[in-house]
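Going by the order they are written in, the chains are A, B, C and D; count residues from 1 in each one.
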Amino acid sequence: MTHAILLISCPDAKGINATVTDFVFRNNGNIVHADQHLDDQRNIFFMRVEWSLDGFKLDKIEIGKDFKRLAEKFNMTWELYFSDERLKAAIFVSKPLHCLYDLLSRQMTAQLQCDFPIIISNHNDAKDLAKKFNIKYYHIPKDPGNKSKQEKEELSVLKKEGIDFVILARYHQIFSKTFIGNYANRIINIHHSFLPAFVGKAPYAQAYEKGVKLIGATSHYVTEDLDQGPIIEQGTARVSHRDSLENLKDKGQDLEKVVLYRAVRLHIERKILCYRNKTVVFS
Amino acid sequence: MTHAILLISCPDAKGINATVTDFVFRNNGNIVHADQHLDDQRNIFFMRVEWSLDGFKLDKIEIGKDFKRLAEKFNMTWELYFSDERLKAAIFVSKPLHCLYDLLSRQMTAQLQCDFPIIISNHNDAKDLAKKFNIKYYHIPKDPGNKSKQEKEELSVLKKEGIDFVILARYHQIFSKTFIGNYANRIINIHHSFLPAFVGKAPYAQAYEKGVKLIGATSHYVTEDLDQGPIIEQGTARVSHRDSLENLKDKGQDLEKVVLYRAVRLHIERKILCYRNKTVVFS
Amino acid sequence: MTHAILLISCPDAKGINATVTDFVFRNNGNIVHADQHLDDQRNIFFMRVEWSLDGFKLDKIEIGKDFKRLAEKFNMTWELYFSDERLKAAIFVSKPLHCLYDLLSRQMTAQLQCDFPIIISNHNDAKDLAKKFNIKYYHIPKDPGNKSKQEKEELSVLKKEGIDFVILARYHQIFSKTFIGNYANRIINIHHSFLPAFVGKAPYAQAYEKGVKLIGATSHYVTEDLDQGPIIEQGTARVSHRDSLENLKDKGQDLEKVVLYRAVRLHIERKILCYRNKTVVFS
Amino acid sequence: MTHAILLISCPDAKGINATVTDFVFRNNGNIVHADQHLDDQRNIFFMRVEWSLDGFKLDKIEIGKDFKRLAEKFNMTWELYFSDERLKAAIFVSKPLHCLYDLLSRQMTAQLQCDFPIIISNHNDAKDLAKKFNIKYYHIPKDPGNKSKQEKEELSVLKKEGIDFVILARYHQIFSKTFIGNYANRIINIHHSFLPAFVGKAPYAQAYEKGVKLIGATSHYVTEDLDQGPIIEQGTARVSHRDSLENLKDKGQDLEKVVLYRAVRLHIERKILCYRNKTVVFS
């Protein structure tokens, strides 16, 4: 049974919740999930409503049209989604393959309800794996001189394949402003540290040098500022002096996999709202 | 600023959410928190709504009267609370004092917004501590022969002091059906295991013997079935073969304190609904 | 560089540690790891020593012969391993495949340093996956009438393939005493609950019904008592009333995978000693 | 029964472990705990040995004298402690009192085996609490102009009272190089963030602004570099967009208390070795 999902943000006012839930009720919908949040420092109201379309009076196109009138009244920013839209994601990966293995496994066991039609890499390490899972593999190597040209090729592949969002599953190249602009709030990265600690290269080596007692992983939407985009999910795990740098990397893999998976799933299930470089996650 | 809090459960139906939020909106209330939950196996709807009474058209008594009509329409079970009611809790304790210290400290630093006018114990270990914090101390020792008589005294003290709910902060006596009946869903116990594992006496010794790699603590409402009441909160912590039985107890103390504190706070903030020997916790 | 690993247990006495470390030193070994543990209730001493064989005066066979004399002096139970022995594990699996995917992925990315030459299943669900990874697949279906016969076939396969230990990666059949006797402390199971809570069938359904606030997973060596063997590793994760039974299963998958992986790795690295139905894990 | 504790670090070499354990054995000691660690990047060996003095052939003074000879052979840095030395700690605190309450409670319930003869504060908020627990209270207010003079008074108090180490239980003043030099690796601070993220003032406000999904706390030895000393212990806890800044602070309190407690206890039990601005923690 198809569900409709509304994501709303607007200046706080009395009656928003009542108006939205009444809209669903009037049209004979049954609300399955309703979450709201008030940022009381900024006075911004956020809402996520999900209802069953079984017996709903409006068809998909009419819902948007009708809701537009309410939305204008409250000066809402809003998005409307339907649970029967299956998203297509492109996975970018460099040499470490654990996140890629994890995403593919979860897709195969139906934990992740999306399609992975293509893998793009600046190396060849994942080629065999892509073949095992019957996924198209694009080897697009990059060096400082050809980045702009290669990004154009990548964008052209993404367009051609009708890609909805991008997953950077340990992809170690920085994208240009142009590339990111094409997929604003639709590129999910996994960074192998507890951000904002240890930005940039070799975060495990930084953590080892610092002597931290916990390591972390952070998934976030990619913005122009390196490793500074809105955080979606984070995790930490205990380490000790006994853990060599190799061990940190090894323990970190489990964090990276779970944290990236959760972020991707939240994105697919339309549970994330971005504002002021932060996220509201209705999980 | 005073808030009103409504806790609702009823058979699921279309329009409950819309009706309740409209009730608040119509009377000029601003909803601060709204949570709902649907048990889709049993088709039961749960809701917690909290709104500011600043500018609200109805006074406290009218709210209940007016809402009653809506409630009947949907066959609701409901409770209405106000944030300016400060609850009084009686703490029962036996010999270990760490949970008692913790509750009193949190009350003193204003983490716990309630009063602790009395401590009741079957021992004298907490007497000095009660004195330090200017709390009345009732020493009511128990043996198999006098339990019924002593419980009568306890009940009489609770009534006299106007106690709203009871906290068993490591109190090692079992209450009668009669006693519990007087405070249904208002007696919070901390059990020093991850229930339902290790029910009853000496749970740490049981855990040690079993060789578990995690220990736990569970806070729950007390019912007639020993350690089987609705679970409010649980926590676990890692242990290893290196941990002696003494160490398990020591590590467990931190779990017990935090898990009990959270349960008490959730109770005070009216965030718990009980049904079918389980809880819905709108945290 | 090859390491030697000694696992020792014996009645406690003065000088065990000194004697063992001196044995290594005398023969020009450099100790890389040395862990000891004293069960002071039972007065049993445990030790794990790992040293580099670079420049060691004794060859592999002589080490055991020489050490035997010391061992007898202290009445030791001991095992000697070498880090260049690569173990072969058979994976048994029924219908859910997430643990299997996880083990194979970790083996491919070299997190697990062992071989998986065969998969045995009572179903056909994992057949394609086995083929993808070029692993021999044995479909050995079971019903109450043929269990004994089928176990004989399984044992014959294990022998033929030179299998060192067995991983039950969500295999939903109970083994006979005979089968288990062939692989004492060498069959690792993952049970999808926080044991000893929720033994047996459908542990997630039991947890859901009970209303726990944490779910768990437990890996243990298999003994004749169902789900009662020595616990190797456990994990827990938070759940709430919002989690349907399906969600519990989904969240539990990540626990199961990590907990099983850790147990398998500890086994491979010779870090586990069993006694009195418990484990000493030198991690 | 008194135990002796040896903390050792030196360049790695063959036979250190054997030599140390033989020293204990030769003199008729029974080792209770023995831990070693090798930093294989720097080739530094660390060891902690704890043995019972019951029947030991050397008295306390002789132990040090005798061991000195072995130590010189391996160029060891070493410290010798005895478990019957009860340490005296001074607690410094500013306005938030939760860590102070926690330390005092743990001392009263015998979780912390040390004495707290004095509390020093730049405010008067903790005065009543000190009185409740019969602890001397020194009110030593600070402003930019009098810091040097006030530190002299503090040092004089610490000397007079025979203070062994200092606990900064949310003390919001920065110490001079001189003050720190008097208590090198003996001043334990709790910083209310996951260091190295959010150094300096108002770490919760920084975390809130950044939108992190986990908050942290870090205990470390104080050095001249603000919040950069060797990390002893860290902890993290989940937060979400629902947590206001006030909630972050509230949830953080439980982290701060536990993380500080663990660090103090590790210090008391002589389980910490410092090197290269990091710690080896033999827990």
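We take it that contacts are C-beta pairs under 8 Å (C-beta built on N, C-alpha and C of every residue); 3 or more make two chains touch, one makes a residue touch a chain.
This one's a predicted model, so the numbers in the text were calculated from it and none came from an experiment.
*Asks:* Between B-C and A-C, which chain pair is linked by more C-beta pairs in contact?
*Replies:* Here the pair linked by more C-beta pairs in contact is B-C.
*Asks:* Of all the other chains, whose mean CA position lies farthest from subunit A?
*Replies:* Relative to subunit A, the chain with the farthest C-alpha centre is D.
*Asks:* Using CA atom averages as chain centres, what separation in Å is found between subunit A and subunit C?
*Replies:* Averaging C-alpha atoms per chain gives centres 36 Å apart.
*Asks:* List the centre-to-centre spacing of subunit B and subunit C in whole Å, with centres computed as mean CA coordinates.
*Replies:* Distance between chain centres: 41 Å.
*Asks:* Can you tell me which residues of subunit C touch two or more of the remaining chains?
*Replies:* none
*Asks:* Can you tell me which positions in subunit D touch subunit C when the two form their complex?
*Replies:* Touching subunit C: residues 12, 14-15, 17-19, 21-22, 24-26, 28-36, 38 of subunit D.
*Asks:* Which subunit C residues qualify as touching subunit B in the complex?
*Replies:* 37, 39-41, 194-198, 210-214, 216, 230-236, 240-242, 244-245, 277-281, 283
*Asks:* Any idea which subunit A residues touch subunit C in the complex?
*Replies:* 96-98, 101-102, 105-106, 108-109, 111, 129, 132-133, 250, 253-254, 258, 261
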